[in-house]
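First the structure, in the form of structure tokens, and then the observations on it.
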Amino acid sequence: MTEQITALDLPALDPLPKETQAYFDLCTEKLGMVPNVLQAYAFNIDKLNSFTALYNNLMLADSGLSKLEREMIAVVVSSLNRCWYCQVAHGAAVRQLSGDPALGEAMVMNFRAAKLSDRQRAMLEFAEKLTENPAKVDEPDRAHLREVGFSDREIWDIASVTGFFNMTNRVAQATDMQPNDEYHAQAR
Amino acid sequence: MTEQITALDLPALDPLPKETQAYFDLCTEKLGMVPNVLQAYAFNIDKLNSFTALYNNLMLADSGLSKLEREMIAVVVSSLNRCWYCQVAHGAAVRQLSGDPALGEAMVMNFRAAKLSDRQRAMLEFAEKLTENPAKVDEPDRAHLREVGFSDREIWDIASVTGFFNMTNRVAQATDMQPNDEYHAQAR
Amino acid sequence: MTEQITALDLPALDPLPKETQAYFDLCTEKLGMVPNVLQAYAFNIDKLNSFTALYNNLMLADSGLSKLEREMIAVVVSSLNRCWYCQVAHGAAVRQLSGDPALGEAMVMNFRAAKLSDRQRAMLEFAEKLTENPAKVDEPDRAHLREVGFSDREIWDIASVTGFFNMTNRVAQATDMQPNDEYHAQAR
Amino acid sequence: MTEQITALDLPALDPLPKETQAYFDLCTEKLGMVPNVLQAYAFNIDKLNSFTALYNNLMLADSGLSKLEREMIAVVVSSLNRCWYCQVAHGAAVRQLSGDPALGEAMVMNFRAAKLSDRQRAMLEFAEKLTENPAKVDEPDRAHLREVGFSDREIWDIASVTGFFNMTNRVAQATDMQPNDEYHAQAR
Amino acid sequence: MTEQITALDLPALDPLPKETQAYFDLCTEKLGMVPNVLQAYAFNIDKLNSFTALYNNLMLADSGLSKLEREMIAVVVSSLNRCWYCQVAHGAAVRQLSGDPALGEAMVMNFRAAKLSDRQRAMLEFAEKLTENPAKVDEPDRAHLREVGFSDREIWDIASVTGFFNMTNRVAQATDMQPNDEYHAQAR
Amino acid sequence: MTEQITALDLPALDPLPKETQAYFDLCTEKLGMVPNVLQAYAFNIDKLNSFTALYNNLMLADSGLSKLEREMIAVVVSSLNRCWYCQVAHGAAVRQLSGDPALGEAMVMNFRAAKLSDRQRAMLEFAEKLTENPAKVDEPDRAHLREVGFSDREIWDIASVTGFFNMTNRVAQATDMQPNDEYHAQAR
């Protein structure tokens, strides 16, 4: 936790507040590591907490989108923005959740190469347009999501996950955030 | 609060939880309205709370960037993404905080038209590159921010505000979120 | 009229020829100001006259497009090109002619946010494509304009107004032309 | 003059007003043809006259730019916009005025392939940026033109010619305007 | 053959191997010149031979695409990439093979200006998309080629010719390769 | 070899000519598989042979660029074009040749994330510009390669490898070519 994870000189608090340390210990126990993004935010506990609260709500809370689907959006968006950190970390998550290493690779390299249901194809095309050209997203785009079966609540969730990674990709790129080495070999 | 604020059928909880209602009442008292983005999120209080916690931390908490500077970044990013909601709402904020209506217009129309300090020019050019081309942001971009006087903590804040509006612009565009009418005439 | 309106050192003739002075006096009487673009051209009366003749023909002469519709095209094109002068001046014109300040804002920020008839939507989408990607405008684009009711003469006028602002946006941007301050507060 | 020159059904007045007929006769005498653009505009004499007045002022009146230089800008802009009419007609003009057919081809195909003076290179790079990305043209771009020897009046003229072809390219593309066949073989 | 054809100092072998000299002599006999691209590669005979073998297979061997159609693709791709060498050399080939100088010009300037069959239009639109945006080429694009009558073998050939010029355009641009002067006046 | 490797119905010759079969057997022996690209070309032995001759010359013959450097270019170009086949196959090659799995990932995801020498950074930036914007590659780009130590022959090789993958990426994308499954787990 003392090595520098970003190009900015913003060391984590030392010692960490008890609650934060407990959260990091839980990460180590469950994941075998503390994801570097959490350590990067740990220079300011309010920032860390507001980031993790939003992240956990979007990626882990109840949704009509499966956790895998949310991770697929995460990787596709991160690939369009070419974010090193998020492609590495969430690419591993897609491989793990799907049990299909090639699916994780396809989300990174070109989601059109994957064999996808119409629903998932439409979901990722929407995420792609919303990432590349948000100004032109319009009613027909929402209508198409509804046609393949998405509810309005699920459309909200697709938009929110797409939005979130457009945020976090930029924080990671702007700061040259480095992912934990462990991700590379996971679930290959 | 009953009229539809987005293209999605996701009505606010009715009644709102007491704490949320109190927060909305406070908005009405202070701002003369409840910003529509809060009403849009009010179908799910956890989502509302995690959104507002992050927003308030980024835009209102202590930072080496003034509130006006953070609003300037907000509008420039929203202009690049052509987000209707955020240009309207945060354009008004720039006019109000600066007392300079033309400055708010310039952030919407083309920030290069504004008379800016080297510091603010560099800040907005960084936000522009990070929005348009995050893949190519690199060490020389950070170095230039340091040259004009930004600390590493301030670089983090520029990146975070830029990231945040790249998120919220996309949620607003994806859902056709409508800003409150009151903004248009404010601080002209 | 002696202050510098562009980044170029090209002062207006002094005194102006009688006819030009009379035209400028008429502007002051009718508009409360001489638009800066006219002053910028006044270093050369032939250039001023050929510019104003074309402008007046396109924007004021008989056309199947209303004056408001021509101003809407003007602002949408100027927004795509991010021309400070033209967005300010013609944004004010849209607000004034329509009596709808939010419509003027939407033309500047994202015309897709405005509630438009199919006819006006098609007109602005054509202007957008012709501005962003003239190489790919083709018969189906014209056919769509005819389907929503435009005559061939009106298609000519849409093309001409779109073309004109693609010209004048570039002259204004290349010279850093400043709009009159009065526009900002008009018709808010 | 009876065949259709554009995709729009806007026939030339028949008979033409005397002055217009005289002008067209002069064209035939001097150029061996009436350029189709003039015939395309001849459905409305005011439009024809305001177009030709501006054209003649920009391309033929006194300027620090030679006629060849103005035609070089015309072709480079038309190539960037891929305008069929203007590349054909003005490509011929560059070949003719320069006596160098390969120069005309290079303006159409890629001006970087031509052996150019620093002055002409800078002129064409400015026209290119102003065409492709007018929003980002700024003081350093003007400064560079001054460094290679252009006066402020010449900068105005570069901007005006660049702007003009950004207009007329779009009118021609929007209407599928066809150039006279004669141009193709000229000055090869 | 002693003058420099590219910006790189890579002179042709001197003397050339007998077989190569014989091939160059054949070129002179048949074409009146040795195309400069062959001379550019002649610093290394293996590279020359592997390049010409692939070129001859693609452009001259049996195919459901006519030689003219393959040259049309060559020019359209080279125009999109703005390759000086290939537009000059293959533009001449289109003029020669078609006997229609304007067709060669249209391939260089904007293929949408040419009067084409649905088949040829579809072929060039596929080459255009594959050049500009290979990541998004997908089943509907192949389906459209089949609809207008192309066999799978012909689709392979369209892809291969498009690919080849995306290669050779880049070698020529990277090295500033100059075409033989003779091309300019051919078949005008 | 009977399963379909592309979206086109172009089965390999059966039986293969003796020489081709011997080559494929050698691949199986050395690599544990016949790369699918070879099988895709095997419907036509002349095409297969001219493709492999060029490939082998570029990627395996003597060069001032190491085999790893050539594979790094291959992956960076394929990532920019988002070619599924080539990122998978050549990503594995980078991992294998470098013994550094993260380096292979960085070439796929964003080469700016890798720790590179100035020489390799310049090489990949040149490949990137030549891929994304060949029209604007010019003398200063070559000069920069020379500054970091590349000879003219090495510049040729960088250009040729970059060009080659711009070709083969497009053939693979146009035909939906599928890489061998074995690549995914190699050298992780």
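Order of writing sets the labels: A, B, C, D, E and F. Residues in every chain begin at 1.
As a working rule, a contact is a pair of C-beta atoms (placed from the backbone, for glycine too) under 8 Å apart; a residue touches a chain by one contact, two chains touch by 3 or more.
Everything quoted here is computed from the prediction, not taken from an experiment.
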{"item": "Chains touching both chain B and chain D", "value": "C, F"}
{"item": "Option reproducing the contacts of D-E, where over half of them reappear, out of C-E, A-F or A-C", "value": "A-F"}
{"item": "Intercentroid distance (Cα basis), chain E paired with chain A, Å", "value": "44"}
{"item": "Distance between chain centroids, defined by C-alpha means - chain B, chain C (Å)", "value": "30"}
{"item": "Computed distance of Cα centres, chain B from chain A, in Å", "value": "22"}
{"item": "Chain C and chain F: spacing of chain centres that average the CA atoms, whole Å", "value": "50"}
{"item": "Per-residue overlap in chain B, given as positions that touch at least 2 other chains", "value": "82-83, 110, 112, 135, 138, 176"}
{"item": "Residue ranges of chain A touching chain B (in the complex, touch as defined)", "value": "7-10, 43, 46-47, 49-51, 53-54, 57, 61, 81-83, 126, 130-131, 134-135, 137-139, 141-142, 152-153, 155-156, 158-160, 162-164, 166-171, 173-176"}
{"item": "Contact footprint of chain E on chain A as seen in their complex", "value": "110, 112"}
{"item": "For the chain C and chain B complex, residues of the former touching the latter", "value": "79, 82-84, 87-88, 101-102, 105-106, 108-110, 112-113, 176, 181, 184-185, 188"}
{"item": "Interface residues, chain D side, partner chain B - complex", "value": "135-136, 138"}
